[in-house]
Structure formats: C-alpha cells, structure tokens
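Letters are used for the chains, namely A, B, C, D and E, taken in the order the chains are written, and counting of residues starts over at 1 for each.
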Amino acid sequence: MDNWKQNLPPIGQLGPFIALLLACSFFGATADNFFSAENFSLILQQVMVVGVIAIGQTLIILTAGIDLSCGVVMALGNIVMTKFAVELGLPAPLAIACGIGVTALFGLINGLLVTRIKLPPFIVTLGTFNIAFAITQLYSKSQTVTDVPPLMTALGETFQIGGTSIAWGTLLMIAMYVGMWWWLRDTAAGRHVYAVGNSPEATRLVGIPTERVLLGVYVLAGVFYGIASLLTVARTGVGDPNAGQTENLDAITAVVLGGTSLFGGRGVILGTLIGAIVVGVLRNGLTLMGVDSVYQVLVTGILVILAVTVDQLSRKGGR
Amino acid sequence: ADAPVIGLITKTDTNPFFVKMKEGATEEAKAKGAKLMTAAGKKDGDNATQVAAIENMVAKGAKTILITPSDAKAIIPAIKKAQDKGVQVIALDSPTDPVSAVDALFATNNYKAGELIGQYAKVAMGGKPVKIATLDLFPGHPVGAQRHNGFLKGYGLQSLDAASNELAKPAEVVCMADTDGNQAKGQTAMENCLQKNPDINVVYTINEPAAAGAYNALKKAGKEKDVIIVSVDGGCQGVKDVAAGKIAATSQQYPLKMASMGVAAGVEYAKGGKKASGYVDTGVTLIAGKSVAGVDSKDTKTGLDLCWGNK
Amino acid sequence: MSTPQLVMQAKGLVKRYGQVTALDGADFELRAGEILAVIGDNGAGKSSLIKCLSGATVPDEGEILLDGRPVRFQTPIDARRAGIECCYQDLAVAPAMTIAENLFLGRELKREGFAGNVLRMLDKKKMLEVAMQRMADLKVGIRSMTQAVETLSGGQRQCVAVARAAAFAKHVVILDEPTAALGVKEGNMVLELIRRVRDKGLPVILISHNMPHVFEIADRIHVARLGRRAAVLDPKKISMSDTVAVMTGAMRPEDIPADCLAH
Amino acid sequence: MDNWKQNLPPIGQLGPFIALLLACSFFGATADNFFSAENFSLILQQVMVVGVIAIGQTLIILTAGIDLSCGVVMALGNIVMTKFAVELGLPAPLAIACGIGVTALFGLINGLLVTRIKLPPFIVTLGTFNIAFAITQLYSKSQTVTDVPPLMTALGETFQIGGTSIAWGTLLMIAMYVGMWWWLRDTAAGRHVYAVGNSPEATRLVGIPTERVLLGVYVLAGVFYGIASLLTVARTGVGDPNAGQTENLDAITAVVLGGTSLFGGRGVILGTLIGAIVVGVLRNGLTLMGVDSVYQVLVTGILVILAVTVDQLSRKGGR
Amino acid sequence: MSTPQLVMQAKGLVKRYGQVTALDGADFELRAGEILAVIGDNGAGKSSLIKCLSGATVPDEGEILLDGRPVRFQTPIDARRAGIECCYQDLAVAPAMTIAENLFLGRELKREGFAGNVLRMLDKKKMLEVAMQRMADLKVGIRSMTQAVETLSGGQRQCVAVARAAAFAKHVVILDEPTAALGVKEGNMVLELIRRVRDKGLPVILISHNMPHVFEIADRIHVARLGRRAAVLDPKKISMSDTVAVMTGAMRPEDIPADCLAH
C-alpha cells in the first residue's frame, strides 16, 4: 500500500524540474537556435565540470557541511595529473590516478579536520581553499600545462547519435549522478549520509560511526573533484592552474537550486544535476538572446531567484 | 542580408579597461551595422566561462569572435573548434600562446608597458639607492606578471622574461602585496608596506586605482613627496592623477582602438570573406608629469586626448 | 540462596557537567533475566546513569562491568557491539527519515545474493514488512511506514524508538521513559513488549515515573536520588507510597524496613 | 548566586581572543615593526569596512541565514552616495542618506524574499549579489567617482592620542560593536534574534512575530552595509565600483572565526570584531614578514585553520 | 440549570496533512472556570485540536468561537493577544537560551523609567527572580536560572514550558501532556499549579494520558477518537475503566449511560 507513494517523484526533484522547464520555454520563445539537440548537447558539455564537482558538494551538504575548496582542489588535481604526465612522463592512467589521489587527499584533510577537531566545515574548507590554490600556483609556476596525452582528453571527444554529437564526459557525468542517486537511496551507507546530516546526535546514539561516515563523504567528494579535474583537462586540452576559482559558488548554487537543504539531511542528488543544468541553460540562453554581459549578470540574479521561487511555490502546492 | 554577428568576450565586466573596450566595440558595431554579442568571465583567469561563451556564440551564429583570453593556453582548444566551423577568432589585448592559434592579434605589450615605467623610474631616481614596493594583481595572473617583471627589467634589476607568470623579487623590492587592482586593497597594501619599511621610495602598481590607493596611504603617512609612484593603464582618471602629481608616470594603452579594429575586421570578414591576420601592436605610450632625459614620454595633455574613460 | 548472576554492574560512577554533578558516585546492578525499574525525581541522574551504561556519555569516574568483565564504552557503537540497545528519553530519531528507516537505522537489512553482498543494496521491502509488523505489535495506528517521523504524533514517535530498542538487543535493553507519551492502550502494549523481551531471557532496564507501571512489571526497583543510588527495593514487599517517600527523600534509606529491600 | 557566572566572559569570546593573542605574539616575534601602536591603529583602520559589514553579517548568521550580497551592496551604496553628491550635487548628508537608503532597500528585498516566499538566504543573496553588482557596474560605468565632498571622508581622518593617530571610523566601528552587543544582550528585540536563529518554530509558537524579526534583521544589516559604504569612501576618498567583491567571504570568515555558529542562535558579536581583527592582523603581519604573495595565501590558509583549532581546543578546556 | 458560559468553542474542525486526516470534524467546548481534560489514543488528534485552538496551525475547515465570537487565529500571536497560552507537547523551547529567557520569551520584562521605556532594556534581575520563584513553586531542583535549557533533564525542561504557559495566560491555559516526563512529586506540583490557575478563574485544557491525574483534577473529560470528539464524560460519575473503554473504542459512545455524560 505504500508503493504508489514511493513511485511518485519526490517533491524535492519536481520543483527544480519545473524551474528548468520554465527557463527552457522562456529561452525557446525568445532566443533563436535555443531548441536544438546540438545546443542541448553543448549545454551539457558546459556543465559537466561543475556538474561533477556538485556531486561531491551535494554529499557534503547532505551532511550539513559545505565545501569552499572544491573548485581549487579540482584545479590542483588538474595540474598534478597533467604535469605528472607531461613533465614526469608518467603514463596517462597513472598520472590521472595521482591527480585523483591528490584531490582525495585534500578531501581526507578536510574530513579529518571536521571530524577529529570538530572545526566548522566552512572555515576548514576556506583554509584548504587557500592552501590548494597556493600549492597549485607554486607547483605550476602559474603556467598552463600543454601537450597533454590524448588519453586525458578522450572524455572531451564526442560521438554521434542521430546527428547530434554527445561528449563522453557528459555520459560519464550522468552515469555518476544516477549511480550516486542509487547509492544514496538504496544502500545503508547512503542512508547513513542522510541520517548524519539530519540528526548527527541521533545517528551517533543508534551506533552508527558518524565520524567514519563523514570522513568517507569528504574523501568521496575529493574523488569526484579529481574526476572533475580530468573532465577539465578533457574539455580544455590543457592543465589550467587558474581553473576552479569560482566553481565553489556555482556548485553550491546547483545544489541549492536542486532543492537540497543547506542544513543537511534533505534533498535528492538528481535535483543537483537539474540545478547545474539550470545554471548552464541560463548562461547559454542569455548569450543566445544577445544580452549584454553586464545585463546577463543582472538577469542571472533575477532568474536564480525566480527559479527557487517557482520551486518553493510548487512545493507548497504539492503538499 | 542579415547584419553580421560579432562576439566580444572580455576577461571581466569590472575592469574599466574592458568596460571601455566593450563600449568602443558597441559604438563601432552600431556605426558599421553589425550585431554585437558580449560575454565576460566571472573573474580574471576564469577560462571555463570564456570557453562556454565561445561555444554559445558559435551556436548563435557569430562569424567573428573577439576575445581577450584569460588563459593564453587553456582557451586554445575552444578557439580551434570555433575556427573549424569557419569562425574568425581575433585576440584582443592579450595574445594566445602560441600566437598563431588565432587569426589575428590586436594587442598591447604589457611587458613593454612595464619596461617603460621601469626606465622612467630609474632615471627619475637619479641613481639614488632604491627601495621598491610592488602592488601587484593576484597570484598567477599573466598580465600582473608581465607588468611587474617588465617594470623590474626596465629598472635594470634582476627580473624574469615575458613568458613567466611568476613575480621576480630582487633585493631592491622590499615589499610585495596583492591588490586585485582595487583601490581600497591598494591602500591597505601600501599602509602595510610602509610599516614594514618606511624608507620605500619607488612604488610600482598594477593599475591606476591601486596607485590612487597607494597615494592615499603615502599621503596619510606624510610621505607622498618622497616617493615615486608608477603605474600602467592610461585611463583618464589615471592621467589626471599624473597631471596632479599623484602618479609620476603611467603606461597608456588603447582598448578602444583594439575594439574598433576588431569589429572592423569582423565586418570585413562577413562582407568579403577575408580574414584578418598578423599581429597589430596597438601601442603603449608613456605618460609622465615631468619628462626625464633618455626616456620618451608624452605629457598629460596628450595623454588626456588619447585616454579612455570619463574625460 | 545463591547470588544471582550480574549482567551489568557499575561502581562509583561520577559524571559532571561544568558545575552540575549529574552522577555523584552511583552504583548499579542488573541481574540476568530481570526487569529493573529505575525511578527518581526529575534531575536525579537516571538518564545520565543509563547514558553511561549505553556508551552515550563517558563517565568521569567509576567503572562498568559487563558479565563481570570491566568494559569501557567510548561510543554507543561499543555498547551496541556488546548487544546493548537503548531507547533514549529525547528520542534519538532522524526526523526527516521514514519510520522504517528509523527502525533499521544502523541495522539495515541487505538483500540476498549479489544485490546484497556485492552491491550492498537494502532490502526495502523486507524492512517495510518488518516495520509494519513491529508497529502493529504495539497497536499503533500508523498508516504508512514511509511517513517521515517528523509527521508523527508524540506518542507514535515514541513507539518507533521503543520498537527499535526492543527489536535489536542481544544482551540488555534499556528504555528511558518509554511510556511517557503513550496512551493507555499503547502503554500497556509496551509493558507487554517488555515482558516478552524479558521472557526471551534479556534483562531490561526501565526508567519510568509511572508508579503503577513500575509496580506492575518490575522485579526490582532502583531508586536514584541526587546522583546516587538511594536503595534497591522489592516491589512485592514495599508499598507504592513508601517507595515515593524514599524517592523524594521523605523516608531515609536507613529507615526502610530490611525486608523491603531487594536482595 | 547566578551573578559570578554571568560575569565570566562567555566561552564564545575567549576562544577567538586566544587565537588573536597567539597570532599577535607570532607576528611580534617574527615581523619587525609589528608591535607598535601606530601599526595596530592601522590594522584597525584596515578592518573597519569589513568589520562593519560583519556586524550585519553576524545579525543575519545569528538568525541561521547568510548574506553573500553584503559586499557588493556596500559597493552600490558607495557609488550611489558619491555619484549623488558629485554628479547630482546633493548635499553630502542627503547623499549619504540616499546611499544608506539603497543598501537598506536591498536588505529589505533580501528579507522579504526570505520571510515571505521562504527562500533559502543563500540563494536569495546570491541573486541579489548579481543584481547589486550589475547595477553598480551599469550605474557607475565601472568608473571610479572622484572629488567627493570632504564631509564624506571625515570618518577617515585621524586624531592623536598619545602620539598614536586613531581614525574616527575606527571609533565608530567599535562603538557600533559595543552598541549591538548591548542590544543583542539586553533588549527583548535582541534576544528574539537569538531565539529565531536557535529555534524558529519554538519562537513562532510562543507568539513572537518571527517574520518581523527576520525582516528587521535584514534591513538593519542593510543599514550597516550602508555605513560601511560611507567608511569605504572615507578610507579611499573615492566612490569605487569594484569595492566589495570579496568582502562577503571576509565578513563570514570574521563571523565564524569569532565563534558564531553558522546554524544560528549561538554566538557573541564581540567575537566577530575579534575575528575581523584576526583577519586584518594576518594580512598585515604577513606583509610585514615579507612573505611573497602566493605564500601569503598559503600561510593564510594554514593560519585560519589554526585559529579555529585554537578556539575549538580552548572551548573544550573551558567546559 | 442554566447553560454554563462557553469560553471557547470549536465546530467541525478539519485538518488534513497530505493523506492523513488528523482532525475529521472535531467539535469542542470549554466552559468558564473549568478544567477540561482531553484524552485519547496516540494519534487521536488531541495535539492537532489544541494547535488549532492556539493558532499554531490553521484548520482546513470549521470555526472557532471565543466568548461566543468567531475568531480566526492565523498565527500563535493572534491567540496570544486573545490571552491564550499553550504548552506544546514537543516543548516549544529555544534550547540554547537560558531557563529565565525561555520563561519570558516574547513577554520580557522591561526596566522601569528611561532604561526600559527609551532604551528598552530588559530587567534581567527581576526576570531571574521571578523565574526562580516559578520553578521553586514546581519544586524543581534546578540550580541556576542562567543554565541553557538544553542542559536540563527531560522533566526539568518540561517544567519550564509548563511554568511559562501558566504564568502568562489571561484567558485560557492549554497544556499538552504537561506531566508526561515529570516525576511523582513534580507531577503533583503541576496538578497543584493547574488548580491554582483554575482558582484564579481561568479555564484550563489539559491533555493527558495519565488517568489517575485526569480523574483527580478534571471537571469534564473530552474523549478524542479518530479525529473527532467521541464523548464528553463526567469523571464523578463514570469509572476509569469505562472511560478507557470509550477512549479505545471498546465501548461505543451510544452505549455510555446517559448520566455519565457531562452536561
């Protein structure tokens, strides 16, 4: 008797989805060339890096944390993997593993500071933001790394489906979202992430090792940042030390637009994907409309607020 | 026929330099009957937004894209993709690396701009022992590095070459601080530098707002007479500050010229299918309050005629 | 008469919170297969005591023995590993999660075969069924096990917490005021449940302010007072009003007739 | 019998204070010229803008909100007051009032969106961040406003006490901190701010108009941003459209370093003042030490984490 | 016999939460100067009912009359203005704030003269004294009124909420399970307090699962069942077991002897 309720999409996803539909119809009506498979494929490619970072960010926000360091840690991973491959001559897979290892290490450091010394995640990740940024600049001498091995850019390549070119990276991103959605929903570990965010004390009292859950989340998020590093390389073909400096706000925006609560424990990760796409659609649509760049900022501000308003109102209706 | 569509992608929307460039392009486009689309990175160094902007403009049907690349190398694959679709890409203000990645480059030479003020400062100091403070942009930014290293080179101090994105630090530089090119932060940086070393007598600043901040700090400390401030940009406010004696000299650059040349090339391409090519240096002029021997400079009146921004 | 086997024992527990001394050298003994009621005024230190026994807090001083062996519970996980389950007074539930999820929090059922062993997938269907069963046992009229706990009435929420503790214990069950918010019917069901747990052979520690309940079900009564154990009474021998007198301090422990003390 | 407890400094202030002392002793030992009255006076001048913004930010964070728009709203106020005075020729006091009016209006908009439509403060203020930023750039054409009337820079002037020059703005900042500290502690309205942040539902149920409290807080924060606008003008002598873009993170950092919880309802505003000074001391001290700029970033990251660690450990000891 | 004056009255209240119907056409009557007990199974809709009466939720249907005049409470503020104070089951307290602050939350005392009228300063000293007095009335052994509520034991916390509701009401006092977490002594003190409030002339609505308490103190008993009012009983006439039977549905309301109904 509970089944039909379970099969309804949770309200948390419906809201962002409506916002997305509204945004699409708006741009479809006002901007030429918006409604085309090619353009949507483009949008997906553009959101792929932020989208993958936002997976990690969602995990952390579900535990009532926040990660400001995500973008620059991604940049560090990007520099490590490209430099290891280009300058140390490591084989590409090994270099990629090293890059992901470094981002995971930063996740571990964040996690240890949060769980062991019980520091607020905001401050911890603000600190590691600075640290990762500085290391990236020092290690790369602020120089872009070029001539990366082709294997590293493979995910940026596209293949054709019915005349539309789709990037492998896009597929990977969507696969990871579906995978994490399933993991959060259908495994004990995933439910514990929600529990820790919803009520850390209750979770501790029923005998779940909350610190281990938290630590795991931070490390896992680090791994996703590492994958995002690879995707950045794939998209730009170089190692870019200046990447990622504004991605933290973008990723958090995607998470919040996707209906996940900043207070933890409530939200659905697929909402984040939609949130990331909404951000991409806004940018793409406004450019296609030919809006001047400063006005784009203005309109983005208004539309972001409108999008959550739609979300919020649709929730009220849904109750 | 449809008006030709030209895209302009600047590094940011906040730097008056780029804002002027955009205004210039808008006017030129209006005059030539072209349609201009604009986009900008969220902050200096933001490559991802510029890549997305190129893609979106190509999707919209732009035939020419003018870009001030935030990252000389990371932007190249996106440029290549656009060129493969028959789009003419012209770099404005800053080159790509390699320069040949774009069809043409209408730019200024930031390293040279630095060298000019370095040479000027050296002569103006007349061989006195020098203690330098540099008020830079922020770590990792190529323009910041080029101006800084060019300045030191021009002063004849140990420095790095134009390709480096690191900041050289010879012994004469007693204080270095970041300002984000912002007046308030420039002031804070200068105040702290004076605490560290009250004997600073030459101040290099990344741009004129930072220079104005530095001047404020010096004035508060009662040292504005003893210190030479040099800067880069040549905005009208900056030139006025040179005229007022706050800044000793500044290297003037010409964003409007770059923009109008770019738009013209775009219209040309749309009409005749002929792409622009090569490197056009839009020039740097040293504007100084007092000219010094051995360094070519123009006076502030000339500077005001050529400057950009509110006259 | 042989001394009955002691399942749990605590000696001289001290717990201080800043200036407040919640436990002031409390002793405690739980025998195999008994229902031990813990009673006392508000603030007497009952909850603090059982939090020490369940690993929720670490006492400042004193020692705890489980089956005669000293144990040091640093976290609730340690106690859970030893088979001790506790239902806390301030209901350790995750409000945004469903009833079924709360019941199985930390003890999730996995599917059979590949899906469970390798993919580590939850057996949601099974968990829903079991949850339905457990709540039906307590005669709580809750319509859906996929309702979030925050939408339940006060009593319904308490039933979830009680059902969880009773379901998973292997060694000791601790219930801190389990019937406080319950209606007459539901309260009786919980007493029934406690008896059933005892009959399975598990000892139960029951904190309650409800004297009729305590006298109905307890084998022995531990009276907590001012952070210590004032006495252990035999409910078959002592009257309810004398018990209350001991609890409130109106009767000094020395004055209790010797045969009313439990031994 | 309760009195001696009340007179102890609350733990929330002691922690940041210890961190500040440690930072000062570190720089005192390693950097020349650090320990001088003049230098401290300078640091106070440098933190005065962020410090005043952080008063508003503290109020909002105490209600479990967050304000990303604070810095750019401050910049907008700064441009409005200087342009109104210089270009429209309004008398300085009126122009200042207009500038503060605009920042308060933005506070009102934020507040209305948070209370009426119940949008998350993070997203609301991200939206108004973009909006205020764009309006500032458009209205000022990204040009600095010069030749502001002297009245507007009066707060930047200094007076001498025992050979040390102290800025009027510094005094104003400290006075406002003490005033708000008193207000939050000793008035019903102030206590309601804590209550709303600590438990919004309980506060509503006891019959406190929570929405009005929240709205008031956002508007009040807007007023503080307006005062910060004036202080920026006073400090730099110009209207600067590019001010304020990183002040949101700085202000939040000051609040968190000061021991206020991002989850609302807990914290002491004087801690924020200390937090802001810690940030200023770090920047000043590192420059005095002659640390290179990239390394400054690195060291800042490490020191921020150290500061909260000290805070956290001193709390544990204090219990 | 003249019909007694009705202070509060509700007709056909309906409250739905998604699929769950918490109130299904509930009626309600409160007379001047009486203590009205509201009893019922867990989930019967007692809390939902009083939340409608106190403005905490707005009913979907039905109307509420205060002193015979229809009122529409949109928020708790409206009810508070009308002099209605409520102590909720899930204790509406701000955990990080002190006991004194919680007691006076929203009803703070201002100082005399300039400091109070112009500076709007709180009279903390007075509030501390009053708080101390109120808690002493309930015989709760709390050492310091400047302790945060989150550091209190479950029962102590409940006392704070009860004391608040009783202290400020001008018209009606509503208490949702005020004695649930209380010890014997403290529970009796709360009953005593309720009587005192009634003797001041204020009617009290008391939700409780504790039948001895209900029979000890109530003038009439409102039995809630499945979101409606099943009956209103007279505790002087009906037995406790019959009452429980009505409450649990074992006895149909039609079968209740007429003289046991309250009129």
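Following the convention adopted for this analysis, contacts are C-beta pairs under 8 Å (C-beta built on N, C-alpha and C of every residue); 3 or more make two chains touch, one makes a residue touch a chain.
Quick caveat, the model's predicted, so the values are computed rather than measured.
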| item | value |
| --- | --- |
| Chains touching both subunit A and subunit B, listed by label | D |
| Subunit C reached from subunit B - shortest hop count over touching chains | 2 |
| Most distant chain from subunit A by Cα centroid | E |
| Geometric centre distance via CA averages, subunit E-subunit C, whole Å | 29 |
| Rounded Å distance, subunit A centre to subunit E centre (Cα mean) | 49 |
| Whole-Å separation of chain centres (CA-atom averages), subunit B against subunit D | 32 |
| Junction residues of subunit B, two or more chains touched | 13, 139-140 |
| Touching two or more other chains - residues of subunit A | 133-134, 137, 294, 297 |
| For subunit C, residues contacting two or more additional chains | 144 |
| In the complex with subunit A, residue positions of subunit D that touch it | 64, 68, 113, 117-120, 122-124, 126-131, 133-135, 137-138, 249, 252-253, 256-257, 261-263, 294-295, 297-298, 300-302, 304-305, 308-309, 312-313 |
| Of all residues in subunit C, those that touch subunit E in their complex | 17, 19-20, 39-44, 47, 89-90, 140-144, 147, 151-156, 159, 177, 180-187, 209-212, 244, 247-248 |
| Parts of subunit B lying in touch with subunit D, wherever the complex brings them together | 13-16, 19, 23, 136, 138-140, 167, 169, 174-178, 180-184, 187-189, 191-193, 195-196, 209, 212-213, 216, 220, 237, 240, 309-310 |
| Subunit D-facing residues of subunit E, complex | 56, 75-77, 79-81, 86, 88, 91-97, 101, 105-106, 108, 110, 119-122, 124, 128, 144-146, 164 |
| In the complex, subunit B residues that touch subunit A | 10, 13, 22, 35, 37-40, 42-43, 45-49, 51-53, 55-57, 59-61, 70-78, 97, 139-142, 145, 164-166 |
